[in-house]
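All chains are identified by letter, namely A, B and C, in their written order; residue positions are counted from 1 within each chain.
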Amino acid sequence: MNDANAKPAAARRGRKGRVLEVWRRLKRNRLAMAGLAILAVLFLTALLADLVAPFPSDKQDLENTFSFPSRAHLFGTDEFGRDILSRVIHGSRISLSVGFLAVGFSVVIGGAIGAVAGFYGKRIDNVLMRFMDVLMSIPQILLAISIVAALGPGLWNLMIAVGISSIPGYARIVRASVLSIKDREYIEAARAAGSGDARIIFRHIVPNCLAPIIVQSTLGVATAILTAAGLSFIGLGIQPPTPEWGAMLSGGRGYIRDYWYMTLFPGLAIVFTILGLNVLGDGLRDALDPRLKSSR
Amino acid sequence: MSEALLEVKGLKKHFETKKGMLHAIDGVDFAIREGETLGLVGESGCGKSTTGRAILRLHEPSSGQVLYRGEDVTRLSPARMKAMRRRMQIVFQDPYSSLNPRLPVAELIAEPLRVNRVYARKPEEAERVAAVMELVGLEARLIDSYPHELDGGRRQRIGIARALSVEPEFVVLDEPVSALDVCIQAQILNLMAELQRKLGLTYLFISHNLSVVKHVSDRIAVMYLGKIVELSDYKSIFVEPLHPYTQALLSAIPTTRPERRKERIILEGDVPSPIEPSPGCRFCGRCRYRRERCAAETPELREVGAGRFVACHYYDALGEKKGN
Amino acid sequence: MSETTMLLDIRGLTVRYGTQGGEVRAVEGLDLSLARGETLGFVGETGAGKTTTALAVMRLVPEPAGRICGGEVIFEGEDLLKKSPRDMRSIRGSKISMIFQDPMTSLDPVKTVGEQIAEMIGLHESVSRREALAKAQAMLETVGIRAERSGDYPHQFSGGMKQRVVIAIALACNPALVIADEPTTALDVTIQAQVLDLMRKLKDRYRTSMILITHDLGVVAETCDKAAIMYAGNIVEYADKASLFARPSHPYTQGLFGSVPDIESDAESLNVISGLTPDPTDLPPGCPFHPRCPRAEGACSTQAPPKVEIEEGHFVRCFLHGSGGRAR
């Protein structure tokens, strides 16, 4: 064939084309786009916190403690007279990075453990999953406490602790979907083509168990932020006065009867993050699945 | 049998189950000549699909040899086996579950090419994909479609294109038309016959449907509970089936011309469990001619005429009985 | 043929499904009748509307996606489509019952087979639980399963045995009509032969009418009295079995015969009907088969072909067989 360059009318799109295709499908989902917008705003404020926040996060104004939301302090002030809006904005940096990095860490590690356990089965499966069961038998928060206690307080250690403590959940989910997929004929077909284990796992199995991973990890971000907050509360996480949503939430808890706005605004920040993530996650799951393309 | 492309000798595959050892294939011998189609028929659970997969080492055989041009496939190192896979391919039964739903047609067909690094450059690979698609009658415009967007017939064509992309010599067809409607089934059967002529392929055609097997095969092997009970050229097996099971199987097939059927044999009971099977002839529990020896001694597959093999102690006595 | 002998008379049945891709015309103005004690083979490819027709007779078309838009289903002189849901419930199972394709999934895994048959009897007959169970055991014997096994659960039976249980449930209340939707497709040939044999015997014994949905012409040849060939929502040919097999007259029927490898024939190559079944949301105008028909003419693409009786009781919906004439 000498007319290799004279491509047929329907030249294939290739990898780039498929990414565009996913984006095109995602764009059609309004809810997902709203979620994306919320997240974009949150990330932008986190990045530009120093420019956006009206006050430095730790500036105290002891004459103005517990002030009700007003024009000067849109979200009010806390027990030290610090501007809650500024603290929410600065706090987003820590909370978002804890949330996303911890979840990312546990999805990667947990997913890999689950995939290996599910794919190879037998003894490997037994050893890995019994170890996961041991981790799971310890309450997540307790596990995180012991890890961070051993490593010492600090942002990174906090993320690692939160991450490790949620590994078993992801491992189980991924293992279950791998088990359901590995006996499909297309896996056998891949083997018949000569594919090795790694290629089968990453090209044929993992993409087909994305849906439960996406759902679980969007919910996981919320849990991670709250676990981090719990650790901060008992002094093992972020040290005051560094602002962090979870810490603000628990700090305001004592005053909730009289000064509800101290907990409301950091709480709302968490709610919006999770909401945005959830709808975006759902949309992404659908957009990534070519089978759902025609149903829209 | 010097002209045999593939020779299977004493092939066994046992699976461990909670209830005991499952003898999926229990000593199977046959040879396939270059360019021919060997049909492998049997009912579900008889081990016919496992045989196809054991030959390709998709299930690692428990024992026995698979000689491909004299070379024992079961002993190849992983690297040599990978190279061997280019010459031995498989088409699966269910075109719905045998295609990764997340990949478009072009990627599905190119997958074996990439795994085996057949082409160094993308344009060559794309050219090969386009050529194979044309070969199996897939329209070029479908190149970016996903399997779920296509009908069963087109999906099965993708399965065939995928198998043929690496230019194999030998293809295992595992119930390739069982999941398809009759009209589509006919299209695919004709396509496979045409491809065999064009490319000189050798087929192992596995099916539960004797009519389909008869239509495509040069020789036919009938399997029952992990063993081959009869093997012969496609005509004699239909004209004069020797094994009692083959006879029953033939008479059970609904035909549009029931008046041409000689005799209708309805077998009693079900296929017994392949887990820890009892010694003796596997069929003896349902056989209407069984004698004492059948339960005690396993009949071997032996040649009883030119190219005709049967595993039955009393096959010749059966003929006399029917003659009376 | 007088009206009174007809057990089932379907006239102008139309069923549509609303989907995102558009309206699916699953069954379009279908006429069909069935006499008492008769077995009708209902043949067609996936999506031809066979199962939908059966579901419409049972009034089980899944709503709200599916709608019965028109026609009559006269059963024992009454229009089933006008019955109240309550009346329909008492008809289902007692007068009309259904056998589904997959015996693996149509039985309840946590109830014994005896209980499942007894449940059907208890629903439609005023008998005590004890009597119902005794009757269930008798039914099991009828389908060739020992009565002691009535306490076993479905997973303890093989596929063929399960299908026997399903048949026992369907026949438990001695219905006038049994609709069997591909009852043997999931079974092996030797088991299929057993089950078909059983169904034939039971049908003769109980004088039950049966609609046997299948894609296998061989099954029709061996079990049915009449056959209807369905294509894209309508019956294209309807005849006595003998007449149909001796003289298939619609091009689609002929194509169907040509594309099945038959064990008794020696043909080398299969005659293939080119193309695919049409998209049911976008049926071609005129005769729905014309784009694939080797003998299509001008009128085929514009006008719906008339139903022509080419022999007594042999109807074809095709222009090739001019108005009432013997065409060739």
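By our rule, a residue touches a chain if its C-beta (ideal position, glycine included) is under 8 Å from a C-beta of that chain, and two chains touch if they have at least 3 such contacts.
Just so we're clear, the structure is a prediction, and the values are computed from it rather than from any experiment.
Trainee: Provide the labels of all chains in contact with subunit A and in contact with subunit C.
Mentor: In this structure, the chains that contact subunit C and also subunit A are B.
Trainee: Can you figure out the chain closest to the middle, judged by Cα centres?
Mentor: When every chain is reduced to its C-alpha mean, the one closest to the whole-protein mean is B.
Trainee: Suppose each chain is reduced to the average of its Cα coordinates; what separation in Å results between subunit A and subunit C?
Mentor: 53
Trainee: If you average the Cα atoms of subunit B and of subunit C to get two centres, how far apart are those centres in Å?
Mentor: Centre separation, subunit B to subunit C: 32 Å.
Trainee: Suppose each chain is reduced to the average of its Cα coordinates; what separation in Å results between subunit A and subunit B?
Mentor: 49
Trainee: Would you mind listing the residues of subunit A that make contact with two or more other chains?
Mentor: In subunit A, residues 294 touch at least two other chains, as defined above.
Trainee: Residues touching two or more other chains, restricted to subunit B: which are they?
Mentor: Residue numbers touching two or more other chains: none in subunit B.
Trainee: Touching residues of subunit A toward subunit B in the complex: what are they?
Mentor: Listed in rising order, the residues of subunit A that touch subunit B are 1, 4, 8-13, 17-18, 184-186, 188-195, 199, 204, 207-208, 288-291, 293-294.
Trainee: Which stretch or stretches of subunit C touch subunit B in the complex?
Mentor: These residues of subunit C touch subunit B: 45-46, 158, 160-161, 188-194, 196-197, 215-222, 245, 255-265, 267, 269-274, 276-277.
Trainee: What residues of subunit B sit close enough to touch subunit A in their complex?
Mentor: Where subunit B meets subunit A, its residues are 53, 56, 58, 82, 85-86, 89-90, 92-94, 97-102, 104, 106, 111-112, 115-116, 123-124, 126-127, 130-131, 140-144, 146, 148-149, 159, 162-163, 166.
Trainee: If you look only at subunit B, which of its residues touch subunit C in the complex?
Mentor: 43-44, 151, 153, 181-187, 189-190, 193, 208-212, 214-215, 238, 248-258, 260-261, 264, 266-267, 270-271
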